Structure formats: C-alpha cells, structure tokens
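My questions will all concern the structure given below.
By letter and in written order, the chains are A, B, C and D; residue numbering begins at 1 in each of them.
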Amino acid sequence: MRPSCCPGSYAVSRRSFLACVAAGLMLPLTGCQTSSSSSKQITVAGSTTCLPIAESAAEGYQDETGISVLVSGLGSSAGIEAVANGTADIASSSRQVNADEQKLGLTEIVIAHDGIAVIVNTDNPVQNLSTDQLRDIYAGKITNWSQVGGDDLTIQLVNRDEASGTREAFKSIVMDGAFFDRRAAVLSGTGQVRDVVSRSVGAIGYISLGFVESKFAETAVRAISVNHVEPSEKTIASGGYPISRDLYFYVKGTPTPEAQAYIDYVTSDKMDSIVRDAGFIPVTDDESAGE
Amino acid sequence: MSVYQSAPTPESSAIIAKDFDFWYGDFHALTGLDVNIARNKITAFIGPSGCGKSTFLRCMNRMNDLIEGTHVSGSMSLDGNNIYAPGVDPVDLRRRVGMIFQQPNPFPKSIYENVAFGPRLQGVTSKSDLDDIVEESLKRANLWKEVSNQLSKDGLALSGGQQQRLCIARVLAVQPDVLLMDEPCSAIDPTSVQKVEDLMAELAPEMTIIIVTHSMQQAARISDYTAFFLQEVAGEPATLIEYGQTDAIFTSPMDRRTEDYITGRFG
Amino acid sequence: MADQSTQTDELTSRERIKRALSHGKAGRISKDTSNKVMLGVFRAAAYITTLVLVAIIAYVVINGLPHISPDFIFGWPEGVNAEGGIWPTIVSTIYVTALAMLICTPIAVLAAVYLAEYAKQGRLVNIIRYAADALASVPSIVMGLFGYALFVEAMGLGLSMLSAAMSLALLMLPIVMRTTEEAIRAVPRYIRWGAYGLGATKWQVVSKIVLPSAFGRIATGIVLAIGRAIGETAVVLYTMGQAINMPITPLDSGRPMTVHLYLLANDGINMNAAYGTALLLMIIILAFNLFSRYLSRRSR
Amino acid sequence: MEETPSAAPKRELALVSHATYVKEKALRYLFFACAFLAVVTVILIFAFTTYSAFPVFTDIGLANFFSLTWAPSEGEYGIVSLLAGSGLVTVGALVMGVPLGVGTAVYLVEIASDRVRKIISPAVDLLAGIPSIIYGFFGMVIIRPFVAQISDGLGFGALTAWFVLAIMIVPTITTLTMDALNSIPMGIREASYAMGATKWQTIYKVVLPAAKLGIVDAIVLGMGRAIGETMAVLMVVGNAPVIPSSIASPISTLTSQIALDMSYSSGLHRSALFGMGVVLFIISATLVGIVRLISKKRR
C-alpha cells in the first residue's frame, strides 16, 4: 500500500501519521532500562503469594549476577504445570504438590513458612473459632455469626480462587475433605480479600498473616485465634498455630546452575528481611538445607 | 415605501402584518412589512430566491421559532389578535394555520395514519370519527379515488404528486383557517401541479391560502392578490416592494422594480 | 354520492369533519405539561449520563494524578507490591499494539479495496460482510481463548507479543476494514473515471488515485482501532503472559498496562499504582481518539 | 463500405502487456484472499474452540454440561448457573442502560441547543472509547463498597455488575441511537410541528416510530457488548457459580468464569471452559444475525 503521488493537502496528515507509527515502533527497541538479557534467563512461575518474595529476590539476584529473572504469578497450580512441561525453570507454590502432581518427580525446596490468618471485620466481636467451626462455616452449614457466639448477622464468606495455594492449604488443613460453599465470593487477590472483609461487618476471609497489617492499606481487619492459639511468628514456627503451611520452590530434575544460584539466594540470610517484609517467616539456613 | 394597488382592507383580511421586522440572530432578514392578507382568498408571494418570501411565510405559523436566536418586531395578527403576543402558544397557533412544504414530507406511516395524525393530536379517538375524517379529507384533496382501497399502504410509496396531496389531506383533516404553501409544486410532476392548483381553487372559498412561488405564471393563474418581495442590496434586509390585486400587478405594475422582475429582466 | 349534489356534499363533508373533530376530548394531562415533563426527563437522562461519565474520569484523574511522575512512567516496578514505575508495561502495550496494527492494517486495507472496488455485490460479498460483523462482535474472552489455543499452543509461539498481536489483529480487522471501505466509497466516482479514461489499470487507479485521496479517513480508522486495541484486556490476558518484562523480540512475553491494572486492582494493596496506571491508560486512549477526530476533520 | 482493415485495429488495442494483465489478476486474488480472511478466521475460531471443547460432548456429556452445578473439582461442569448469571447481568444492564442511552441520544439530537450538543456529544463519543477495564476498576473501587453499604452483602453481585455494565454500554447505545435519529429527514419533524404537535408529541408519535429499527439495532449491539464483557464483570461479580439468593449476593457469568479459571484449568475443566467459549460465540453470532435481519428490513 505505497501511496506514490501525494497531493499537497494530504502530505501533512500523512507525515504526522507515519511519524506516530514509527515512534511507536522505535520506543521498545531503544528501551533505556534493558539489562543485557543474556540467554541464561530464568523463568519463575507460580503462586501469587510467593510473588513478592520471588520478585524482590529476582531484583536482588539480577543486580548481583546480571542474569534477569522472569517472575509471573498465575497461581501455584499454573506454576507447577509450567515447570512440569518445561515452560518455566522454577515453580513457586504456596501448597505442597497434590497426589497426581507428585508423579511428576519434582524436587521440593522450602523457602519460607506462612501462617494463614482467619480475618474478620474489626467490629465483629468473635475472638476465636475452632477448626471444626471454621469447616462448617466455609462448608455453608453455619450461616449466622450468632451460631458461633457473635451477633445475629449472616456470615458473608470470602474465599480465594482455585489457582491460589493459600486456598489449597486452607482446604487441606481445615476443610479436610468437605467441599467449599459455592455461594462464597471468590476473589483472586490477597489485598482484595482484606479490603472486602474490612468493609463488611459480617464478612470472614483468610490471608497470609503477613498481610493482616499492611503499611499500604488504611483499612483494618483483625486476625482471630484458631483453637485458642493466636497466630504469630512464634506459634507458626513452633507449629502450635494449626493453619500454617510452607512456601516452596519446585524444580524438575537438577536445576541449571543459575537456577540453583537463584534458589540459594532466595533461601540465604540476605533475603530474611525481605521475606519478613513480605509478611512471611524466613527459613533458617539449616532448615532449608535439611529438607 | 411599499406601493399598494387596491390591496385588501383590514376588515376583509385574515392576517395583518404591521411594521413587521424579522432577525435570524443578528442578521436583519425582513424589514418594514405592512401586509393585509385577504380572508378566504389566494395570495401569492413572488420575488427572486433569497428575498425573504419563505421566511415571511414561516413567520405566520411561527415555524421560525424552531430556529435558535430568531426574533421579531412589529405585530402580526390573525383574526385580530397578535400571534407574537407573549401569551400565545405557537402549538395552538399551528393547529389553526396549516402548512405545506416544498419537499412532500408524509410521515413514514400508512396513508390512514398520516391523515389521522392531526385529529389524534386533538384528542379524536373513536374509530368511526377517524374513518370519517380520513375519508372526507382524502376526498377533499382529490386523492380518495386513487387510494381508497389501500389506506394501509405506506405514505412514502406514493408518487411525488400524490404525496403532496396526501400532505394537503393531512392538513385539511384538522380544518385550518389558513393554509400556508411554501413552493408546493416545485418538486412534483406537471400533471400533479395541475391537480394541486385545481384543489387550491376548490378550497379557496373556505380558507385563506398563501402560496410562495417561483413561477410567475402560477401566481398570475391562481392567485387573487400578489405581493412582490425584493432584497435590493446583499446583506441588507429584504422588504415588500408592491402588493395588490394580481391582474393589476401583472398588467400595470407601478414600481419599476416590479416591472423589471415580472418582465424577466432579472431574478 | 350523485354528482349534482357535490355542492351540498361539499358542505356536509366539511361539516362532517367539523362534527367528528368536535368529538375530540382534551387528554387527561394537558399537552403542555406532558411536553414539559417529558423534555425534562430526556434532559435528566443526558445530564445523568454526562455526570456519571465525567465522575469516572474525574475520579481516576484526581486519584491518579499525584502518582504520575517521570519515575512512575519510566521506572521499573520493584519491591514487594510493584511500587516504582510501570515502564515495561507501557512498552509492552505499545509494542503489542504496533505489532497488531502492522499485521492488521495491510490485510484490512486490501480486503476493503476488494469489497469496495473489485467485488460484485453477490452472495459471497454478503458472507464476507457477515463474517466481518461476526468477527467484530466476538467476545474478547473468546478471542483470547482462540488466541491461546491456536497461537500460544498449536503454533507453539508461547505466551508472547506475537500471539497477543495476532489475536488483537483479528479483533481489529473488521474495524479497519469497515472504516477503510467507507473511506474508499467516499471517494467521488468521477475521480476514478478520469484515471480510467487515461487507460490506467484498476490497481493503478486504486493505488495512485483512490487510496491517496482516501488516506485521511483510512488513517482515522486505523487510529481508532489502535485506541480500541490498547484498551483490550481479556484478549491479551492469556496470550501475552503476565511477567513484568521488557519485550525485545516478538517472542518475548510481557505484561500490558491493562493486565497490570487488573492485577494491581485485584491484589488491592498498591492502589496508588493502580490509579496511576488507569490514568495513563485513559490519557493514551483519549489522545488516540482525539487524534483520529482531528484526522477525520482534516480529511473531510 | 464493406472492406475494412479487419486485422489492423485488433493489434493496436493490445497495449497492456501480458505481464501487467497477469499482475492485475494476481492482485485481484490477493485482495480477495485478504477479504476472505475474515470468513476463514470466523470459521477457524468456531472450529478451534469447538475442537478444544470436544471432550464436552464425549466425556462430560451435554446433560452434565447443561446442568446447574459448576464445580470442576467435584467433576460437575454444569454451566446453567453461569448462563443464568450472564443473562441476569445483561438484562439488568439493558434495563438501566437503554433508557439512559436512548434518552441521552434523543436529548442530544432532538432537544439540546447547538452549543450543548457541541460539548456533550463529542464527550460521549470519546467515552465510548474508554476501555472496559477502567469501568471495572471504577466498579470495584467505588460501586462495590457503595453497594456493600446499602445491602448487608459484600457488594459483589448482579446489582454492582448492572451499574458497571450500564455505564459501559450507555455511550455505545447513545452514539448508535443518535445515528438512527439523525437519519430521519428534518422535513418530517417540520411537518409534525406544522400540524401543531408539541416537541414531545413529535418525538414519540413520529421520530421514535420512524427510527424504531435503528434503535433496536443499537440495543442489540449494546446487549452484545454486555454479554461479551469479561474484565469489568470479573472484577465486580464475586465469581460464585450459583443461582443467587438476592441481587446483592455473589454470582458468576460465562465470561468471568472463563477468565478466572483459564490460567490453572486443565483436562476436562479446560474443555468445559472452551465449551463455554463456543456457547458465547454462538450467542454473539446470532445477535449479529438479528442485527443484519433488522437492517435488511430497514432498507
């Protein structure tokens, strides 16, 4: 479509138009910040919960070694599936591999501990729930707060989407085989669960302990104790708090040297402050090496 | 400064314009019009295009009010009361002053619905009354024989001439006292022109008819009185040059400009 | 009715109409009040619409403006909740849109040339038009599914700029086709006959006469389609991947601004960045739409 | 004068060289191929999504696919609750969006002064270009908390989705309705006014009936956009695949469920998602068919 002769009056509009398309094209090629993307790029796919750790580690690792790390957070199951079919080097997951994923022969590395806090609205008087009560609530058998010592208010269930490892962990520890109530709202982001619970008195949800107090959000939620155990770094590390789980990296066979270096970087002490910053409990060196 | 030749007296006039001026926003279109339109007679407005004859016609049913920023001065009375007085509702005025347009504009509805439109506006609901009005109006518009068995046919499917007569029937259905016709025959075929002119002659004894026309032959043929408008200088307002009985105007025009126009020396 | 009594008939018919008209009774509510009320209702509808739409823009501007700064636009996201800038997402959006337009425009313009100049208006042309309309109304998530199934998996392009660009190109095809065809048809016939008169072949007429003179409106259509492509989310969600990355080759994946906005909003943590991204997105799209209006006015 | 130099003129006429003739023919086929690409794409989309959705017919079975419960982890792939969700959301959006959209269009074309029209109608035009993700974002951040306040629910659900979708389709319906109203010749309005009809009587007795088919077009296209909307719905609808107890309790729709589950679904679950894609494709194609039938009647 090469318009050869261009009568005067159209010249201006065509030049300005072509300039705009050319500019659009030139921009990406001269992108100023591109670090040299060496062929040894590492891809990390998986859990939205691990995203903060994986991304900050990627930045630190990239500064140190110059190797760029591509982190995407489509959910634990997606990550595990990606590492199994080779489209990702490392899968990050906030749950352990389930039955048929174990057949994939992935090696498991614990990178942090995480307690799942059950959160309620600050105006909700309920201070404690047993795991059985939690199960009946999320299965839809208990539907009113008065049945568990609260006010006469319908319980508004907030659940995580099926891609989230936090949901898988909550399901395996609390639900123990029971099915989630399908009338629950399904949200695909930790921050959103927090925001929704903070605005509705009758709402109940679950998020990583680290996100309960977030320096970003002005809204407030309260974590309740489960089986009379307060969720804290101590009770999670000691295993007293029932709903806790570990965060994992999975790799297929032996990881590439860069991938292994990145994993060591993530589990090293340098990352402890970042892991705590992200709201999780860092793994002490011997622990990760041991498993 | 207009010249009058045995123009109608106020008593025998349906519409009387006194020192009437008209503006489109700040453009002064018409000035100093003093015209008595004879009741139940046919009055023709002639003049070169752009001389304000259509604008003046549209002032008589305040159709110009629809255009933003227009205003008038002086008075224009219908049967004695000034139609531009504050209390007058143009909608009521237009129910007594019917109008036919240059381009036939029947509604995209059936022939029956076109004619029944006016009466329905005035609250006629019973079918028998509507049937009566539709039949009688179409008869009076000399259209009944051609469409009597296809009243549900779409009005737009008729020929140009038939459409114009349908528009006339539609207006007759509400018995207007005055019928304004803005170059009704310029967009229809010659045989239909003849039918429309005969129709006007039939209707004249019962209603005041004012027709704006380009063709002086038509004016001479059918009108009782003729008014000649002219905009002498571009940008200046147009005005009435000469007004009087048609045969006087066409045989012995008193103003040289009228004579030049009707002998075809310009315009 | 016998002829000789037409005179009396005349009167009676006029009287019959007058009598029938007199049966008319005034409506329950007077026509003036109903007129005033209903005009008020329409005015209210228009004001509500304008108010709501202005409120949305104002809300995004008020909340987004404070976060727009050079490092927000040119910086990279860092830290736990993507503080910092959104430069890679801007580049990804521009990259995939430019690529989509490069793919879509030639095909769409040539297709429009066929429909406007070459095709005889038969059944085949009707099928093509129906297909173009169907393509234009395909829900974006279905186009995303199709893009994923065909480009990402079947053709093995993986989550990349190319897969997303091809899916977007297919969605933009009908829009550019329609505007180009209208632009070509708007070129007056006598211009073509002049050229045919000189013995030019059809393609010479089209390429040398028709397309240059229709260029203004074709550009308008293209710019409009670009504005639409930039705003797409569902199509690129599963064809482009979601990793924050600076795309270089067409096979690189990346996260466009729209998906970035969705993920930020979903995480619900760093809402400032979300407002900033939404505002930037809106500014870019409104700029393209204004540019297309400017082009269409100039070329008329 | 019977003898004419029969051979000579024929030779001179072959001015266009054989190569150009072939080039012209080739170009003609190239252009046809480009135009036919639209048909190929539509067929390809339908074929590919149906192929990927094939297990729905074989393994899941149409009975299960068109049953009520959607619970992939429990092997239930019923999409009826999602279809109902899509329908509920679309109908509500139309109930709110159509009067507002048509009302605005009538105001701009029939009633507004030129000055007002010159300000509002380009604004509405521009706002038709705003991407749906921004409407979804606005819905999530403003409308959901608002609905949460006025109802004792979380704020997710049909009501919130109605607000968001209505706001989104109003500019589309307004611009299309304005085109339909502008296609009515001014003469018809003048005729009505000249008959002594008020502006409102002219609108509802003459203009709207004349533009009826154009307005139906606008509504059907608005409906198509509402049904096909994904992101805005996903952000405000709550994603609970059930028949809701109230309009303020979470529900889910075809488009949002696909977008939500797509990243991690596999096996039968994924084929069910493609099955939903096919259903959506058929709905949108039928809507286009309806619009084309109407436009044929309009001509």
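Some points to look at:
What we mean here is this: a contact is a pair of C-beta atoms (placed from the backbone, for glycine too) under 8 Å apart; a residue touches a chain by one contact, two chains touch by 3 or more.
Since the structure is predicted, the reported quantities are computational estimates derived from the model, not experimental observations.
Listed here as common contacts of chain B and chain C: D. Among the remaining chains, B is positioned farthest from chain D, on the basis of C-alpha centroids.
The count of contacting C-beta pairs peaks for the chain pair C-D.
With each centre defined as the average position of its C-alpha atoms, the distance from chain A to chain B rounds to 79 Å.
Chain B and chain D have Cα centroids separated by 48 Å.
The distance from the centre of chain A to the centre of chain C, each centre being the mean of the chain's C-alpha atoms, comes to 36 Å. Each of residues 198, 201, 263 in chain D touches at least two other chains. Listed for chain C are residues 31-32, 106, 110, 265-266, 271, each touching two or more other chains. Among all residues of chain B, those that touch two or more other chains are 91, 122, 174.
Under the contact rule defined at the top, the touching pairs of chains are A-C, A-D, B-C, B-D, C-D. Residues 61, 63, 66, 68, 91-95, 98-99, 101, 103, 105-109, 117-118, 120-122, 167, 170-171, 174 of chain B touch chain D in their complex.
Chain C meets chain A in the complex at residues 74, 76-82, 87-88, 91, 94-95, 97-98, 101-102, 105-106, 109-110, 158, 207-208, 211-213, 215-216, 219, 222-223, 241-248, 253, 255, 263, 265-271, 291, 295, 298-299. Listed in rising order, the residues of chain C touching chain D in the complex are 31-32, 34-35, 38-39, 41-46, 48-50, 52-54, 56-57, 59-60, 106-108, 110-115, 118-119, 127-128, 130-135, 137-146, 148-150, 154, 170, 173-174, 177, 199, 201-203, 224, 227-228, 230-234, 237-238, 258, 261-262, 265-266, 271, 274, 278, 281-282, 285-286, 288-290, 293.
Considering their complex, residues 15-16, 20, 23-24, 27-28, 30-32, 34-39, 41-42, 44-45, 48-49, 52, 99-101, 103-104, 106-108, 110-112, 120, 122-127, 129-138, 140-142, 167, 170-171, 174, 198-201, 203-204, 221, 224, 227-231, 235, 255, 258-259, 262-263, 273-274, 277, 280-281, 284-285, 287-289, 291-292 of chain D touch chain C. Across the complex, chain C meets chain B through its residues 13-14, 16-18, 20-21, 23-27, 31-32.
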